[in-house]
Structures are given as structure tokens and as C-alpha cells.
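Quick notes on the structure that follows.
Residue numbering begins at 1 within each chain, and the chains themselves are lettered A, B, C and D in the order written.
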Amino acid sequence: METAIFYIAALVAALATLRVVTHVNASHALIYLVVSLLAVAVIFFLLGAPFAAALEVVVYAGAIVVLFLFVVMMLNLGRTSVERERGWLRPGMWIGPAVLAAVLLVSFVFVFWGTDAKTSGEMVGPRAVGIALFGPYIIAVELAGFLLLAALVGAWHLGRRYLEERRGADDFPEEDASPDEAAPEASAEGNA
Amino acid sequence: MLILPVAVGTLVAALFLVWWERRLLGWWQDRLGPNRVGWFGVMQAVADAIKLLTKDDWVPPFGDRAFFVLAPAVVAGAMLMALAVIPFAPDWWIVDVNIALLWFLAMSSLAVYGVLLAGFASNNKYALLGSLRAAAQMVTYEVFMGLSIMGVVIHAGSFSLVDIVEAQDDLWFVVPQFVGFLIFMIAGLAESHRLPFDLPEAEHELTAGFHTEYSGMKFGLIMAAEYVALIVTSCMIALLFFGGWKVPAFLGFLDFLPPVFWFGAKVFVFINFFILLRAAIPRPRYDQLMGYGWKLLLPLSLVNLLVTGALSL
Amino acid sequence: MPVAVPIEHVLALAGLLFLLGLIGVLVRRNVMFLLMSLEVMMNAASLAFVAAGARWAAPDGQIMFMFILALAAAEVAVALGIVVQLARRFESLDVDNADEMYG
Amino acid sequence: MDLLWLVPAAPLVGFLILFVLHDYLPKVVAAVVGAGSVGVSALAALLVGMDYYEAGAEPTWQLLWTWMSVAGFDPAIRLYLDGLALAMTGVITGVGFLIHVYATGYMWNDHEEPEGYARFFAYMNLFVFAMLMLVLGDNLLVLFLGWEGVGLCSYLLIGFYHRDPANGYAARKAFVVTRVGDTFMALGLFLMFRELGTIEIQQSLTLANEQWSGGDTTMALIIGLLLLGGAVGKSAQVPLQTWLPDAMAGPTPVSALIHAATMVTAGVYLIARMHDIFLISPEAQLAVAVVGLATLFIASFTALVQTDIKRVLAFSTMSQIGYMFFALGVGAWSAAIFHLMTHAFFKALLFLSAGSVILALHHEQDIFKMGGLWRKLPIPFASMLIGSICLAALPFTSGFFSKDVIMLTAFEHASHGLVFWGGAAIAAFMTALYTTRMMIIVFFGEERSEAHDSSRLNMWGPLLVLCALSLLGGWFGFGVVADVLPDGGLGEFSHFSAVALVTMAMPFLGIFVGWLVFGRRVIDVEALAASKAGNALKRFFFGGWGFDWLYDNAVVRPVMWVARINKGDIVDWIYRITVAVTRGAHHVGSLTQSGRLRWYAANMAFGLALFFLIVLGVIG
């Protein structure tokens, strides 16, 4: 019964992912992505990785894709963008990448098919993961922390308004940053 | 096989909570509240339900039909799914998984989608703004919610809710984890976007926020989901911090009452407390809410986690 | 509850998802879809890792998954910031607009 | 004894506080931290010293931590305390503390560098720390660390008034010239490590005695000469002495602490610390004596014609350190350290009183613009007078005790006794002469300037203490250093002899001649100086016997010339070609950079597919 669930989840994941790639409506594609992620979470659970499954839902589906949806809503990609998307996706474009992917998939499967190995079917719980994470992998955890900090700073910088204002000023944004131009603005603000 | 009783029971409880909340609010605010239908207006809830069921189920033609239908189901479904892991008494649970706590977090994070999709599908600027707010608010407070209960996990050494309750034999976790309890309560309030944190539907700013366009039973589902969320949050507080079904030590002479009674009593206390909060505290501004989260709760919960971890080494 | 399935089935699924993501990256011009496809690819990679971990009943696969998660979170935070800037600057999400940095 | 770590730690903490917070600290706090940390250090040194003597004066170690551990080479940060280190530590922390206290007043209203108060004390504290590591370190690596540390602080403090490029130049000069010596020293240390296989000082000395004593002493000679090279650079001896007069560009407390009392005596310490090497190789020891005597001679003549009060003192310092080297060279080891100590007292006193004079005259340093100041500046006058009689070594002052021992030991030197003694005696005469000249010109005669003595307790307090130390230091000081080093037989010159009498008479003679010439003007000095030969001699002396001129022409100008004609940098051409090739390749490569993300991804995927197919043997 559980094995059947695995194959069903795999099928769901594959189909949902296919729709993610081919859909023209960004928000619908995102919901398909969530479905795909949930299916993968089920697979994780069945493979004996409940902690990974939970994180897949909490972080991936619950936070990362929500951010996507957030941006899609913020940019308000409505019907016009669907039409434009249709215009961008000419059927001929799919041929090259599909052939390339097929070659890769075939050679990839060819390499490991028939190994006869099975997954262990054992549960590796959060405790084991935590112990390994803060034992041998502690350096990597620190590095991941640094990465997230860097991303935080980067996102903060990118989200600031002035990048947008510089665009409006003229076509040569780098000149905008010079202090002699910044000064009159400041004084004008002071007067106001 | 408790699935059906729990699901139906919770929905009915949610229905009557609407009436109870209105009565309580009326009492606290020195007015009457619903008192005409049935005894003390009890049947008002039933009347409301009948009204919602028979109302015209309108779908806006300018919106995204699929999402519009899907959204209430996601909201209510996620909350009902969260109920699956809650143990009401010894051996009274639908399922006990060793990651029950994570399951609860996962479901509460999936509930975001319902709100987001509802607002997005309505294609209405108030709804859109409401769901944007909801997304940011819920993603933000999910972080502290997760962090705040990690202290409990450290104490109990397990993600299983049954284990956590069993670990509170001697001492309720509200004592060593008081900060965690506060943060969890605030985050739970924000997660279920109830007053005072109901910014996604702040009625004097956004009409009715993300569910402006909803009516009929879809609206009913959203409403029900809100009350289910309230129940689930109260259940979690009772389980994580107040010893679940265990008899309070100072009421030890009453231990002939069944465990489920104690669980129910605790949940009821917290539900009433949340209703009291609604009556007592005004709604903050949106930026205040977010700043409060990131600048106060995040450091606080991190410190709490650090201290807990250091002390339990 | 965990099941023992042939590892090559899981890996084949991972490969399939990865290549679907790759096709998405190669075909889509909308930067949002590009990023989604990237997420798909990363998710496929983490599936392969978790499968490998499950093969030996070791936690390492899940740990790699968590690092991929951290990576994905960092990537999304920055990438979505760039998307917003891109949308404001070019009033379009066509990634080919941002080809000014050639040569 | 457990407090030993605190001795260097206190100034280090002081430095860190001042360095990190220098912009945020009020002046008062900076002063308290700056002087207080050294005060704590001095107190700790005092306690450590008392413990040391109570415990029977046995050398002790204190391990702080292991610096690194690489393939069996594991130098430790370990402190070593014996009599020599204790004497040095006492001088550094004690005199250092007094100078710090003085500096809190001296630098208070500094008009040139008003923002630099905390920075000044940060550098000073760092200096004290480095100097303490130098004398307390038990291995050559820590010693070298301290050695370079004091060099750095010297550089920073000479250039403290960095707004004037001349000061920066002086700092650079000091840095580069001492670096020449340091290179010698580093080579010597490397050689020792290679030959003896250890960097711990005591162990290496024992090994050196075992390996070379009585046998082939060539290696000891080479090492000795290389170490001497380092000592010469740091202690401003001939021929690397030219930086010290220019180093007077720094604030006066710096001159007192670094360029008179402590850092410049590091060379003396080094040779004393390594005395076993010099005992093995008498040739090397003789070289030390010759260097010392030459410096002594040259510097005392030069001091006679200087017009800048601080330069007079600088040359005097040079000559006094020459005495110490000379003492080391003739085998009066303890006397050298004794003289180091007494010199630290009275030279610090002289510099600080000179500083008071300079401050009272609004940073006027030319002695010919002073005069008749004794009435207006009684405290600086009194303290400077005491410092001067110590410097001139009048009987029963501290300078007398140390210098006398040195000269009498020199007289008993096996081979060149008379020459050595004679040279030293002439230099003693010259010392008294130039000291008298300075005192008379500065404090007597007609008044030539306005002076306002505005010194407070924190300035004249240290002067008072130093006066006492200078006058009385000779009585107790020798006991402190007597057993430090192996010379034996010191203090046995008490028999009255003609030599001793002449030695004792020399300062009186010098003062008398000085009084005749500069006070009573029996000889018209100006006329003498104006004559052709006299003028030439004066300029020769004034320029420090032409060393600066020599180095300028022999080293600086050729280097500058080479640098000028090699402006294009011939070696750079190799790299420029590399750059050009890289750039061309880059241009070719950049053609593939369309800036289109999907193009790159497609290329990557295509390459991957190709790779897979090749690996699987489908193609190729």
C-alpha cells in the first residue's frame, strides 16, 4: 500500500512539475509547484525522512513559494501577462531543450539502472539529523548562516527605493551617485 | 477512527463559538449580543448557518474562478488537518506521529495559501492588499512560532505531542518556557489573524480584506476556518505549555474527572482568553505589527532558545 | 511506515524533475518562471540526496537537503529582489532585457 | 610571582582600550587608562620583584600559552624572569610610569595634535608592552616580536606630529636604519636556531657553551657580530647611529621613554642576555668595546656643538649607551646594566626637565634662544641640574657609581687597558664639558625669551621622584644588578689609586673648563668658531662626524637614482606581457558572453550532454 503511494506521489510530482514548466499563468504554475513540492514531501516521508518532509512543507511550500506568490501578486501578473507569456512561448522552442533533456535523462538513467539497490526503509528521525547537523556538519551550518545573512543584506539592498529612483533620474545611473549632485537635493529637503 | 467525530465536532464547536464570542463581547462591552433565537440566543448560530447555506453563492466573473473556489477549502482543510495530530486524552487521537509538532507547523504554513489565493482570485484591490498583508504577516509569525516551541521540544526531547504532554508530569512547560509561551500565543494570534492582529481583513481599511468578495458557504468556510484556527491554537497552547489532559496540581482532588474534560476545560479557557483579547486590545498599525515581530519577537525567541539550550546541556 | 523502493526509481524521478526544470530554464523567458524552474531543479537535487541518505539509512542526505533549503531561501530572497527591480526598470519580466552586461 | 603575566598584560589592555575607543574617550579617562595601566604594571613588577628575592633569586618561568606547534617546533609565549629581566622590567615599568604621568600633563594642551591625546597613550602603552615582551620573553621569537614591536612604536611616536612631513621623514629614517640592524639580528637568530636547534634563550646559551667553548669559536664570532649588528641599530651606535638625533622629532616624553631610557638600551640588554656567546668569542666582545668607545667619542664631541637642547641630550644618550657597550665589551657586565639603570633615571630626568623648559618657552628648542631661566623655572632648573651632575658623574651621584666601575674595569682590561681607559676618560671629560655648556647657556646669562612655567603636580611630581632616584639610585642600585651576570670581582676597586683619582677628577675638570669657557668666557668661542679651521671642525662635529652626509651619498642617493632611472620598472614588463596576453584572450572569450542567461544555461546543458555521451562511449 505504501509502495503504491510512493508511485502515485511520484506521478503527481512529475505531472505537476510538467505543468509548472508549461503553464502560462504564473500564479497557477506556482500552485502546481506547491503540489509538486507536497508530493515530494510525501516521497520524503515514505523514504524515511520525516524531518525533511516537514521542512519541505514548512519552508519550501510554506515560505519560499509564498514569497514567489507574494511577488507575483505584487507585480500583478494578470491576464495581459498571460497573453504575453503565450506570445513568448512558441511551440518550436520546446524542441531543442526537450531533445537535450531527453539525451541527458536517457544517459543518466542508463548509468544507474539495474543496480538492484533498494532504499533502506528505515526511519531517520529528527534526532539523528540534528546530531549529525551539529556534529560533523557544524562548519557547514555556520557557512549556511553566513549565506543567509548575506542574502538578507542583499535582499535589503535590492529592495530599497533609491535603485528605482536612480532609474528615473537619467540614463546614466552611476553619475547620480556623485556627491555634488546629492548635495543640492539634501539642501532642498532641508529647506522644505 | 476519530476522524469524523473530531471534524464534525470541531465545525459545530466553531459554529457555536461564533455565538459564544458575540455573547461574551456583548457582556464585556456592556451590551446584549444575540439573545433572541433559542435559549440565550443559542440557536442564533444555527440560524446563521442556515442563512449562509441558502445564500446565493456568487463567484466574481472578473476573478480567477479556480482559485476562488479552492481558497476556502485550503483554509479550512489545512486547519482541520492540523487537528489530526492533536491528542485530546490518553489514546484519544487520530494519529500520533513523531513529528506531530512539525505537522502542525506545516499545516499552519499551508493555510497561508488559502488566504493568499482568496485575495488574489478576487481581483479586487482591497482583497489583494489584504492577502499581501496576510502573506507577509503569516510568513513572519511562522518563524517565531516555530522558534518559540523549540524550547518545549528541547525540554521534552521529542516532536511528538503525546511525548510532550507526558513530559509535563512534574511541571507544566509554561513555567520554564514562559517566554516561549508568550511568543507562541502572540504568534498563534497572528497566524489565525484574529483581532487584534486581523490586519488582512481590517474592516475600516480594507472593507473586509481578503474575503471581501466572498459570500454564502464559501464565506462560511472561511469564518469556520478562523474559529477552527482559534481552537487549534488553544489546543496547542494547552498541550505544549499546560500539560494537555493532565489534572492541574492544585486541583488534584478532582482527578476523578476524565482527562478529556481537563483538556476541554483548558482549551475553553484559552478560547475565552483570546476572545477577551479581541475585546480588550486595539488593532496595531501594519508596520508596527511587522516591526514588533522582527525587532522584538525574533531576538526574544532566539535568546529564549539559546538560554533553554544552554541550560539543558 | 517508510517503504523500501528501488533506489533507481527515486533517482529516475529526481532526474526527470531536474530535467523538467532544466527545460523550463531553457525555454521560459519570464524570469518568474525561470526562478520556479530553478526551484524545481534544486528540489530534484535534494530528492536525490534524500534518496541516497535513505539508501544507507544515514542522516547525511537530509542534511544536504537542509543546506539546499538554506541555499534556496537565500537565492529566492535575492532573486526576488532582483525581479522586482527588473520589473520596475524594464517594465517587463523578460530576462533577455537584462543582457546589458555582455562582453 | 604569579603576577608576572600582569606586568605585560596591563599595558596591553590599556593599549587595546585606548586604541579601540580613542575617539570616544574623554581626555581624563585616556590619561587615567594610559598612565594607570603602566602604573598597574609597575606595581605588579614591584610585587614580582619582592617575591623573586624572597624566593631566593632563582630564575623562574611562567608559561602563558603555546604560540604554535608545527612539526616539533613549538615556541611558547613564556615569560622568563631572572635578575637581568627584573632590572630591565623595573626600569621599564618604573621609569615608564613616571614618564607616562609626566606625559599626561605635557600632552594636555598639545596644539599640534589636539586630537591625538588618546592615540599618544595608546602607542606609549603598546610600546611598554612590546618592551616588556622583549625583556621577559624566554625565546628568541618572543624577543624578536618585542624587538620589532618597540621599533614600530618608535616609528609611530617619532612621526606623532605627522602633519609636518619632516617628522614623517625622521620616523622613516629611524625605521629604515634600525631595520638594517634588525636584519643582522634576524640573521643571527636564524643562524643560532640552525646551529643549536632551539630558540629558547637559556637552552641555546647552554648548548652554545657545550658546543663551542674551547673549540672552534668562529660560529660564535659570526653570531656575536650579527647580534652586535642588531644591537648597534637599535641602540644607535656607530655606524647606525644617525637616526637617533632625528628621532627627537617626537614629543619629549617619547624621547625620554623610548629614545633615552628604554628602547635604545635594548641593544645593551640583547648583548647582556647573550653574553655567553660573547664570552666564548673574545673577538666579538672586543668589537663591542670598540663600537662602544667609538660611539662614546664621536657622540660626546658632537654634543658639544649642538644648538637644539633635545639633540644635545640625544647625542649624550648615544654616548652614554656607548659607555654601556664599552662596559659590555670590557667585561663589566653588571656595571653595564647598572649604568643602563642609572642612565635611565637621570636621562629621563634630563629629558623631562628639558621638556618642561621647552613647554614653558612654547616649544622653543634652540638653546641660544634660552638663557637666564633659572630664576623663572626653578623646578626644571633644579631637576636639570641634578640630572646634569649625574650625567657628568660627580662623586656619589648615581652616574658616578656606574661610570666609575666601568672605567676601572676598562683599565684592568687584559690587552688594551690603557687605551680603553684613556678614551673613556677623555669622553668623561667631554661629557662634563658639554653638560656644563648646556646648563650655562640655558639657565644662566642674560634672558632672551619669555617663559611661563605652567607645570602642575603631574609634571613636577615625576621630576621629583626621578631626582631622588638619580641622586640615590647609585647607593642601592648596584645591589639589584650585582649578581645578574658573571663578572665577579666588581666592587673590589675600592683601593685608592692614581687611576681612580684621575677618573674621579675628570668630571670636575670638565666642569671647570666648561665654566671657564662658557661662563667666564676666558676663550672667545664665537671667534674660534668663526675662524676657518674652527668653523670646519664645528660643522664636522655638528653634522655628527659626517655620517649623515656619508649615508646620503653612499646609500640614499644611489638608491634614489636607480629608482628614478627604473621608473618604468623593467621587471614589470614580464607582467605587462602577461596582462596583454590575458587581455587578448579575454577579448576572444568575451565574444561568447552574450549576456543572455538562457544562452549560458543552454551551453552548460549542451556541454553536460556531450560529456555524458562521451563518457558512455556513444560518441567519440
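Here is the rule we go by: a residue touches a chain if its C-beta (ideal position, glycine included) is under 8 Å from a C-beta of that chain, and two chains touch if they have at least 3 such contacts.
Computed from a prediction, not measured in an experiment: that's the story for all the values here.
J.: Have a look and report which chain pair racks up the highest count of C-beta pairs in contact.
T.: Chain pair with the maximum contact count: A-C.
J.: Centre to centre, by mean C-alpha position, how many angstrom separate subunit A and subunit B?
T.: Subunit A and subunit B have C-alpha centres separated by 29 Å.
J.: Need the CA-centroid distance for the pair subunit B / subunit C, whole Å please.
T.: Chain centres of subunit B and subunit C, defined by C-alpha means, are spaced 33 Å apart.
J.: Could you grab the centroid distance between subunit A and subunit C? Build each centroid from C-alpha atoms only and quote it in angstrom.
T.: Going by mean C-alpha positions, subunit A sits 6 Å from subunit C.
J.: I'd like the Å distance between the centres of subunit C and subunit D, where a centre is the mean of that chain's Cα atoms.
T.: 65
J.: Can you pull out the residues of subunit D that are in contact with at least two other chains?
T.: Residues 602, 605 of subunit D each touch two or more of the other chains.
J.: Among all residues of subunit B, which ones touch two or more of the remaining chains?
T.: Nothing qualifies.
J.: For subunit A, which residues are shared contacts with two or more other chains?
T.: Residue numbers touching two or more other chains: 51, 55, 63, 67, 74, 96-97, 100-101, 104, 108.
J.: Provide the full list of chain pairs in touch.
T.: Touching chain pairs, listed by label, are A-B, A-C, A-D, C-D.
J.: Can you tell me which positions in subunit A touch subunit C when the two form their complex?
T.: For subunit A paired with subunit C, touching residues are 2-3, 5-7, 10, 13-14, 17-18, 20-21, 26, 29-30, 33, 36-37, 40, 43-49, 51-52, 55-56, 59-60, 63-65, 67-68, 71-72, 74-75, 77, 81, 85, 88-89, 93-94, 96-98, 100-102, 104-105, 108-109, 112-124, 128-129, 131-133, 137, 140, 144, 147-148, 150-152, 154-155, 157-159, 163-164, 167.
J.: Under the stated contact criterion, what part of subunit A meets subunit D in this complex?
T.: These residues of subunit A touch subunit D: 96-97, 100-101, 103-104, 107-108, 110-111.
J.: If we count contacts the way the header does, which residues on subunit C are in touch with subunit D in the complex?
T.: 22, 25-27, 29, 34, 95-96, 98-103
J.: What residues of subunit B sit close enough to touch subunit A in their complex?
T.: For this pair, the touching residues of subunit B are 64, 66-67, 70, 97-99, 102-103, 105-106, 109-110, 112-113, 116-117, 119-120, 123, 128, 131-132, 135-136, 139, 142, 146, 159.
J.: Quick check on the complex: what are the subunit D residues that touch subunit A?
T.: 602, 605-606, 608-609, 612-613, 616, 618
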